[in-house]
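Right after this note come the structures.
In the two complexes that follow, chain A is the common piece, with chain B as its partner first and chain C second.
So, the complex of A and B:
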């Protein structure tokens, strides 16, 4: 008998049934993707990548975000888009001999960058390390006793703004990239929240917005930038930008201004006269996890 | 594998690849690399650098508030115009009253190491030359030369304002903004509150340490 004219075989039926189950399971697995579309406007869905926004697009998008902040948080904010300054590449240096581990930098970051108040989120992790070891495998980032202890060194760690950033390389949608002035930024509206970058970062510098940030209106920092400290939507990655909205205007980062020990030095790495270059020229600096080849723009040093 | 299945797989892969390609933005912008010409020595910035000045009245807290609600300060000379300090009180450790907060725990320094006797009105260097209050940093630099050099280069000490002083001014801290001149060790303090732990397995259980391990 010809194969085509035979009645339906048991094996064929089973295969078809298995296939149907598979299709149904796949559909169910992807169904959460349908959820967010309810809350998105057409304008938000059609918004393009930051680098493809025309000045008119930016005007429209920024005004929409400002209106959204007014509705959601009841506060008037300004969302700007300061551009990289010519012949400028930002660098940071931190004197571990002076740092006392008080976490004022982390607190300032929390306030400046409109972090979620409930989780007390911040981009800076301060490590407490045995003096003379710098053994990060024995470091404690969750100490909660009066500081400094005499036998400890304190090491704040934030985004190292690597010249070869592993986090941008793994992004499947190029929602994060390195700007010409060295700052690694995220387009929060392009990010799909896959957290690959968080896994790729060897400095644990990236954070994920698990929920919509809670910030009381009185505490919202209204001086915001699209790529920096605007209130991030839930489900996106965020990270330290050296306070892009401040430093591109020539100001110092919030963590530096808050440091009561004066342990932080900030400046333009391309200016041989800048203070951060003075650190590199006159101190024995080292970078964190140098062997990984990430080429950080963040230098640690000791003094007497 | 049937004939034609290979083509189908390729077609699907191409379609998926094209779809994924649509998500990607343009190539990243190149990093700035040109070195900026160094500023000529002494070349002026557009904006000044201010030194955060310490309080203006050299003296001790009176223990009462003045008309503006700030702690009233009494200049040393009010009493020491006439009164010669006793040698046993050279560290001002166990005397109360006006001297209650003066206690000197700074190496083996005494009042007279920096304050100019007999009236304690001004300061003097170790070689006896007087120093104005505004230049009091020179007193510290006599012993703490390395820190003073780092401070001059902008590598030590806090500041606020602008890193680029062609964009705006900057205010720098003075030695005694952070270090008490009499007790220069920075006192122990309670750190700012921690963020909620990410790696806590159960509420109340000790959090893991070594976030940066490996």
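So, the complex of A and C:
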């Protein structure tokens, strides 16, 4: 026993020393985490899903988010939580005969929704399509010339607010869902950032925050809502909400207001008198990738 | 239902009187000692793996601190190397079942002796798969949102919620089976079939389920024509039955070369027989996909065209996938040669080739072209960043560490060396 114990002890000591070195090295390897996780409060980490927040919870969370915006972006913002209005289902119609491909809508979206300035993010991609087809595989989103060209059709694509949205079905944590007024939203404070929804969406409507968004204080839109245009945290998904913070207050989406061609029509699909209903009833209307069964609330139409 | 493995000749009567609250900690202590003891080469190996794992950990920590912009991914190609490795690792975990089925359903005694190598491999591979998803999350600190009961678990609608269940279930099953067998052997007792055979049978079905669910993650997406194929789940399983057995043959060779443990020849012969079929079946399914994609043609073929031929001058994956096809084809030919069973070098080369071939084919060769062209037919290519390679290397090193340690603990116990030493020390 004795002759076996001594070398064993020395070996145990060596093992303990190696273990200590290993732990120290691991501590050093993980040290970059200290920065971001130091600024996370327990309240943030334990925050519940939007649907579980009481009015008091919301009050506390919204005030904290406002304070955070002040600290991080140096600007006073208000975060509201406008609710869906009864007997309302929002729909969009876009006149391809009028669209001139100027991308004013995309730029308005960029400003309105506090998008990252570095990546020039926006929820709208404008496709330029040649004559004789509407096939997206023959379209081009990277055109860089004066518009409109006479032989081209221009097609802005954004979230289609599907009635059967593949993106909400795949979310493992229910961080994205369809509201009663038809708008598909994301709880940016609940999303885990797996990007499964981005893989599932057939319209390239979703965006991921690959880094913390950069917006100069002077350019921040301070009129913000929890489920729409508040500045998103890094590592979470975001998407077009039909400017929920505007349309639920009776205003129009920013992309519509910016359109110089008058190509965009927005309204309540449940109101038979609404302009969008008139378009669907009287024009030649089609939806994008109808064969996939996603049932969009976004319609394209022609007047000539 | 099965002939229990003969005891190691330990003092069974004495062991039966043992109380678990004494003997189980003793077992764990023994495992700790066995896991940290070895010849110099073992220490070199473990220090190397620790180093690589820590480089990966550091790269991940930086990625969390600065954001996923450190990766090569984009809003167009939103999954990359991490999810590719996740898919492959799930396959390796499921592939271990190719030892379990001969051992338990076909009563292959020699395979039964080494089947725990496959079950331990499943544990290491599942941990790698879970880590690969963890490092892909933009908000890893919110992982608890995925915990059923605690968060908001979108089950049964989201395939990812199924994956959480089946992967964790498979991990627990294999932990139980391996832990129970080793503990009983450590005590010198004959394992009670009631405590492991039902779990083993469930684990066989479960192994199929983990890779089926992983395939359904992709094939359920109607907007991605390359993935939206009924063949995807069968293909995943067949390629898992390539990569798993290939790796196990290599591990058996390493074990024979570097440890006193002497596996019988039978298991390798059985695994080669399996591989002869699965490597060919995998190539056949690939050919079947290629035919279906290209013969009909149309815009739905664009992803396949990008992968195999290049699209609009973009061809970053073309050399990559043809490397995989060449490796798999050459490996298939080698496995058919009679010399593969006689010449160790040929066998190991064939295993290495097809392992790498499958890693390419069902990893980046499947995940990345699913995103190219994008949903609006924009072509944005993807190359993994240095951060992604580091994190991935770290996960592989971690998996290798887990497997090494598991084998270090398990093999002497299976051998009876541990039992003999324990009884010698006790007397």
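Structure notes:
Keep in mind that, in the parts below, the second predicted complex is superposed on the first by the 265 of 304 C-alpha atoms of A that agree within 3 Å, B and C clash if a C-alpha of one lies under 4 Å from a C-alpha of the other, contacts with A are read in each partner's own complex, and residues count from 1 in each chain.
Assume a residue touches a chain if its C-beta (ideal position, glycine included) is under 8 Å from a C-beta of that chain, and two chains touch if they have at least 3 such contacts.
Computed from a prediction, not measured in an experiment: that's the story for all the values here.
When the two structures are aligned on the shared chain, A:134 is found in touch with neither chain B nor chain C. Looking at the shared chain after the overlay, A:178 reaches chain B, while chain C stays out of its contact range. The partner of chain A that touches more of its residues, comparing chain B with chain C, is B. Look at A:169: by the touch rule set out above, it reaches chain C but stays clear of chain B.
Contacts of A:194 after superposition: chain C is touched, whereas chain B is not reached. In the overlay built on the shared chain, the residue A:15 is in contact with chain C alone; chain B does not reach it.
Legend: residue contacts after superposition of the two complexes on their common chain; A:102 is shown touching chain B, with no touch to chain C. Once the two complexes are laid over each other on the shared chain, residue contacts for A:25 go to chain C alone; chain B is not touched. When the shared chain is aligned, chain B comes close enough to touch A:148, but chain C does not.
Of the two partner chains, chain B is the only one touched by A:259; chain C is not.
Chain A residues in contact with chain B (one complex) as well as with chain C (other complex) are 49, 125, 127, 136-139, 141-142, 157, 172-175, 190, 202-204.
Here chain B touches chain A in the complex through residues 20, 23-26, 28-36, 38-39, 146-147, 150, 153-168, 170, 173, 178, 186, 188-197, 207, 209-214, going by the rule given at the top. Interface residues of chain C, counted against chain A in their complex, comprise 36-37, 50, 54-55, 57-58, 61-62, 64-69, 71, 73-76, 78-79, 133, 136-143, 145-146, 151-154, 157-161, 164, 217, 220-224, 299, 302, 370-371, 373-378.
Note for the complex: chain A touches chain C at residues 11, 15, 22, 25-26, 28-33, 35-37, 40, 45, 49, 125, 127, 135-139, 141-142, 157, 166, 169-175, 190-196, 198-204, 206-212, 233-237, 289, 292-293. Note for the complex: chain A touches chain B at residues 49-52, 84-89, 93, 95, 98, 100-104, 106-107, 110, 118-122, 125-127, 136-144, 146-148, 157, 163, 168, 172-175, 177-182, 187, 190, 202-204, 247, 249-252, 256-257, 259-262, 265-268, 270-273, 275, 278-279, 282-283, 288, 303-304.
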